[in-house]
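My structure is below; once you've seen it, I'll send some questions.
Chain IDs A, B, C and D follow the sequence of writing; residue 1 opens each chain.
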Amino acid sequence: MAEPLLNLSAGADTWLRRVRTSGSSSGALMTLIGLCVVFSWITDTFLTSANLVNIATQSTVLLLIALPMTLIIMTEGLDLSIGAVLTVTNVVLAMVAVQTGGVWWALLAALSVGAVFGLVNGSLVARLGIPPFVATLGTLGVAQGLALVLTDGQSVVGIPESVQYFYSGTLAGVPLPLWIAALTYLVFHGVLYHTRFGAYIFALGGNREALSLAGVRTQVYWIAVYIVGGVMAGLAALVLTARISSGHPTAALGMEFDAIAAVALGGTSFEKGKGWLLGTLLGVLAVGVMRNGLNQVGVNSAVQVSAIGFLVIFALMIDAYRGRRA
Amino acid sequence: MSDSLRPSAINSQQGPAALWGALPDSMQSVALRLAALAILCLLLSLASEAFFTTSNILNVLRQAALLFLLASGLTLVILTAGLDLSVGANVALSACLAATLIKGTGSIAIGVVAGLSSGLLIGIANGLLITWVRIPPFIATYGMLWILHGITYWFMKGETIHGFPPAFRAIGSGYWLGIPVPVYLMGVFLLIGLVFAQRTRWGQEIYAVGANPEAARLSGVPVKSRLVLVYAVSGAMAGLASLIFLARLNSAEGDIGESLTLPAIAAVLIGGTSLFGGVGSMLGTLIGALILTLVLNGMNLLAINANWQPVVTGVIVVLAVFFDNLTRKGDKR
Amino acid sequence: MKMKTWIYSAMAVVVSCGSASSFAQSGERVAVFTKNQTNPFFQAFRLGADSAAKQMNAQVIHYVPTKPDSIPEQMSQVEDVIVKKPNAIVFTPVDYKALVPAVSKMNAAKIPVVNATDRSESGNFVAFVGASDYKLGLETGNTLVRALNGKGNLVIIEGVKGTLTNSDRVRGFNDAIKQAPGIKILASQPGNYQRLQALQVMENLLQSHPQLDGVLAANDAMASGAIEALEGANRKALVIGINGTKEAVDAIKAGKLLATGDYNGFLQGCIAMMTAIRDLRKLPIQKEVIFPAMVIDKSNYQPFDTPVESRSCPKWEDAIKS
Amino acid sequence: MQNTSLPLSTSPLEETPLLELRGISKHFTGVQALDDVSIQLYAGEVHMLLGENGAGKSTLMKILCGAYRADAGDFYWQGKPVRIEGPADAQRLGIAVIFQEFTLVPHLSVAQNIFLGREPRGRFPGTVNHGEMRRRAQEIMGQLGMSLDPDTEVAQLGVAQQQLVEIAKAMSQHARILVLDEPTASLSDNETEKLFRMIGQLKQQGVAMVYISHRMAEVFSMGDRITVLRDGKWVGSRMPGDSDPDQLVSLMVGRKVDMTYAREHCKAPGEVALRLQGVTARTGIHDIHLEVRAGEIVGLAGLVGSGRTEVARSIFGADPIESGRVEILGRLQSGGPIMARRLGAALIPESRKSQGLALIRSVSENLVLASLARLFPRGWFVPARQSQESLQLIERLRIATTGPQQLVQFLSGGNQQKVVIGKWLSAQSSLFIFDEPTRGIDVGAKAEIFALIDGLVKKGAAVLMISSELSEIVHVCDRTYVMREGRIAGHLNREQMSEEAILTLGMHHG
């Protein structure tokens, strides 16, 4: 899936220069290319357009939560709760959709529940000074429990067709989730590289003191980053609910670690506000290609489990090796 | 206060405030947590009469023992501002390895040695990945988690190994003088942990590495080998915990340790060990493990719907660290 | 440069060693989906499918989610496999409602599907092979009621809330108990089909209920968890499980477990695979294969005592008769 | 530093100051940081602010830029009363401060840093007009004679360039008042030249400047007016014409201190404690030959970036060397810091806080950090032994602390440096490498540190001292090497040593 190179007002050269400077670590790029070559060499069904679309569609949900995770990690933060929040918003969206028979109220409910969790995360970190790992570990528990309480363990069914359309439907031949993912990536790209909020995210990670001295209300933007995380979990819930056409109390538990791994794979570092959005996209695709390829080849599932671990460590080794040399 | 070089007047507060002020930071946080633990016990014994029976207390101690053993190794890791997400998977692999060998060779000793050494080797592998290949701890141990799960699934092929000799099972579910064996192990390793952290040179060096690794390195402290040591200990403790799990469950299957990693980390955080490194104690972790187990036990006794358990655990972790921030004097990192 | 070539070769090795095993046999290619890699029941199911395929020299590829019981992952595996167009699919949905879209994808791709173990809520299938959870719950419940001769307190340890197997089995338990007024249900708590959670739930239940005579566990793993808890607290009670795993049979032999419902993963695997292959070869098949609810106890455990690996599938004819 | 080319201008004395602070006080828990301080800032004038650390200079600066709120006192802008309670007020008035730790965001471009918080609006709400921002950044940098590409990431710039970006950032806020906190602390000479020329231009544009410095030469060459603070109180204001360095120092310290630290120099140096032969390392040092004998204080002078810290780190094994030999007390040093310590070497690093101390640990835990192996050989840690050792050191070094249990982060700069030295005394080192031992320490404490170093040498230790204060090198060292661009440019023995000689050897030729 060609990454949309459209960018708003900045000249092309600055974008490329930014890739060269912050894109120095290309562990994800090399891993992705390596995997594609190996899999297309081993099985002919890998490099078919149907399969590639397949990988992209499956990776949509992970991308939708990996993008905000990139911003949060760039502010030297972390969001362990995004997987559980995605689960509880999936349940909420399903329940409201079943009640109202439509998708819009359900989406609104999911986005607002996500925003509330984001606000709680942000306030705990920004106002009360609780380390992000601890704060979001707390909200992880709360969201996970809430999903169980709301459904008492039962999955929510009877999802109206209008919701399922968001996964099965296509627009101009391209599956809807791909449009959602591409549009979201563009918005994030625009926000991070072309808006004040984006510059402040770099500053929140790079030098928070400088931001407050510049007369900017840092607390507001710091909390906003976590709210974006929550809201994106709500949006991802739309695609997830459409995909599994139900709300399930354990649907996306553990997905937060996949997101963090994809972001790290993509070269965003845990300190000093060094972030690279395209890297995250590559990281998500690398994970998707790995899983799909191994399924295609029919590799023993135990080997598949280990392969994911090797993938993460390999990519980081490349960065550490290049980092030391560069 | 001018930067004059006259030694300033000794701390002038009088009375209990002086006593409290004089207590070093770590003692204060442990004292606070003991108070919280006492209040929790009081509330629970009022709420349900089944709580304060010897059999329930022993039951809680045994459950807490397992959590503490895993969390004690983790405490040292978090003291160096690191993290070990692979402890759960380590327990799974070590338990399955030990189970297979005990069943295969019939000798408990071989199984126990296998379990401990597999845990230790995994810990050393984590340490080397982090110090030599320089991968951030969070990601290195996350990758290791998947690799270990893969190996366990491939190794066990979905089978379960069950039925172990009573002598082996004793270390998990046996009683000695009326007290469950794991509780003794908890006591022993609490002592070893306290002594190692507070009373040995290596313990002091680990605290220093957590507080400022660069300053430690430039003071001639072998930072890299201390980090490998810390992850090795965490792995070995996971190996030990896996044996007790195996003995208690009397069977081994692929995802035995799956649900242990986050509670163990939570116990360390509730115990007051700071994620930024350099601050924390083994005693705190024990209290953290007790608080966590007591709450879950209390909820079961009061027949509160199990769905609420993750919610309560999450809230406790946040509250514990929040109070720490309030009480810790000006340690804004 | 050096680094890149090194990675490619390492990747190739990892992938090729995994795939070599599945190219060995020839004949039809059947994809088998199971829920997870840790529950012995599904391991028996996979072995049953393998032995049936070997008998009828077809080729089997297993697809199991890396994260146990992960709905989105099984969904992805289905989508990936459809691209490869296997000849037939044996499908055990992680969740009988959530995986319906996956089934419709298989139907759209015109791949014949045999539904096994958990009956999917909708979608057209060549056949359904499984046991009746409800009947098993009922039979095992009655066995315990008879053993307690109609009087006493008991607890139910449920499986994973929301799964079809769990709700049917628990319904069976409750209906059995309704027929015996003397039996009182003290509590019904979930153990999520996991040994450790069942152990902890049981330990706490033992604290709050001094007088406990029987335990109905929705699967064998939880039954043995309950047994460990009872031994840990040196208390006695009659325990019943379901699935008929090797471990349960051993426990019955040792007198710890009263009885277990024969869910027989191995046989389900065999019949499901045979049905799929026979359908491909246009041989007569049965649309619905429901195993009778057999309760294994001290009296009849011998035939079930052989280890799963060494069993082999019965012929189609005599399997259908039983 | 001799007089720079700038004429000593006596600025036109305007009656009403651009900004007047009257009766400013600020109180922190237990500390009266500022007590009734008044100061007048005139347009087009460089107002020098002197005072020991903790005298209240940085607090005054933070109040000026709105980071702190004054407890009492009022502000008059061109005679009219105004309020400064937050960064926004200061910005509105045009007050900009350049701190020592730069307020720059590493992974943002130069233009983005300059306009942080005040980005020009783009087409859509919230977006930034990059083209406009880049153009205005170029325009400002042009006025200040800078030739940086506005799109380069700040992380890729050197210290000097980053400082220029800070100043451009201040000027982008149409700053009428510019506060500079020890701007030349880490600048090379020609970079300092460029800075002074820019300050001259700003004076022409009528910008009022507050210049904080510890370097007397700068005070007299650049200052139009001098104010001295001590213990948070105003102690006096002078014109450069009617005062001299010694008078200012005594004002700052409040007691007569002999500025030049006299010490009788080593007559008979012992055998060789440190020898470097042809040492080259990837960190940018080439073919280093030097020797330090027991009983000697040998200087290592040179401009910022000439590789002095890199030499120290290579000796101590903190950075690997590519070729050449390092011998400590006659034995080859081929390992890392662990081996260096075992051979008896000690490194007092450039930045105490990040490389020298564990701030959240106690004084005694820091003091024994390098001697744990010696004090507890069998591994058994005895707290009594640790407190006994640290009490001894606290006494010997006269460290001002409430007790061995106090956390190091609550000590002043001078006392923290003493803890670092104490750490190495406890390790019984005999070769001491000091890297800028008195940076960020005031005059009073400096004398104390030098007395300590002299004490070490008198007991037979060898000392290699790196310092950017030429007067310190000349007064304290027995002889000195001078480095230039990663090489040893020359060696000056006792007689040849003078500030001018060092400077000429160290200056970039051509």
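Note that in this section a contact is a pair of C-beta atoms (placed from the backbone, for glycine too) under 8 Å apart; a residue touches a chain by one contact, two chains touch by 3 or more.
Every value quoted in this text rests on a predicted model; they were computed, and no experiment measured them.
Asks: Which chains sit in contact with both members of the pair subunit A and subunit C?
Replies: Common contact partners of subunit A and subunit C, which must touch each of the two, are B.
Asks: Could you work out how many touching-chain steps separate subunit C from subunit D at minimum?
Replies: 2
Asks: Please state whether B-C or A-B has more C-beta contact pairs across its interface.
Replies: If we tally the C-beta pairs in contact for B-C and A-B, the bigger total goes to A-B.
Asks: Could you put a whole-Å number on the gap between the CA centroids of subunit B and subunit C?
Replies: 35
Asks: Taking each chain's centre as its mean C-alpha position, how far apart are subunit A and subunit B in Å?
Replies: 31
Asks: Express in whole angstrom the distance between the two chain centres, defined as the mean CA positions of subunit B and subunit D.
Replies: 43
Asks: Mind pulling the subunit A residues that touch 2 or more other chains?
Replies: Residue numbers touching two or more other chains: 152-153, 300-305, 307-308, 310.
Asks: Two or more other chains in contact with one residue: find those residues in subunit B.
Replies: 146, 149, 153, 157, 306
Asks: Of all the residues in subunit D, which ones touch at least 2 other chains?
Replies: Residues of subunit D never touch two or more of the other chains.
Asks: Pairs of chains that touch, anyone?
Replies: In this structure, the chains touch in these pairs: A-B, A-C, A-D, B-C, B-D.
Asks: For subunit B, which residues count as touching subunit D in their complex?
Replies: Residues 1-8, 10-11, 22, 24-25, 198-205, 207-208, 211-212, 214-222, 278-279, 329-331, 333 of subunit B touch subunit D in their complex.
Asks: What does subunit B use to touch subunit C in their complex?
Replies: Of all residues in subunit B, those touching subunit C are 48, 50, 53, 55-56, 59, 62-63, 146, 149, 153, 156-160, 162-163, 173, 180, 245, 248-251, 253-256, 258-259, 296-297, 300-301, 303, 306.
Asks: Which residues, counting only subunit C, touch subunit B once they are in their complex?
Replies: Spelled out, the residues of subunit C in touch with subunit B are 36-40, 42-43, 46, 66, 68, 187, 189-190, 194-197, 199-201, 203-208, 221, 224-225, 228, 231-233, 245, 247, 250, 254.
Asks: What part of subunit B is in contact with subunit A in the complex they form?
Replies: Contacts found on subunit B: 85, 129, 133-136, 138-140, 142-155, 157, 262, 265-266, 269, 274-276, 305-315, 317-318, 321-322, 325, 332.
Asks: Quick one: which bits of subunit C touch subunit A in the complex? Just the residue numbers, please.
Replies: Subunit C residues touching subunit A: 3-4, 7-8, 10-12, 14-19, 21-22, 37, 61-67, 69-73, 75-77, 79-81, 83-84, 95, 97-101, 121, 160-162, 190.
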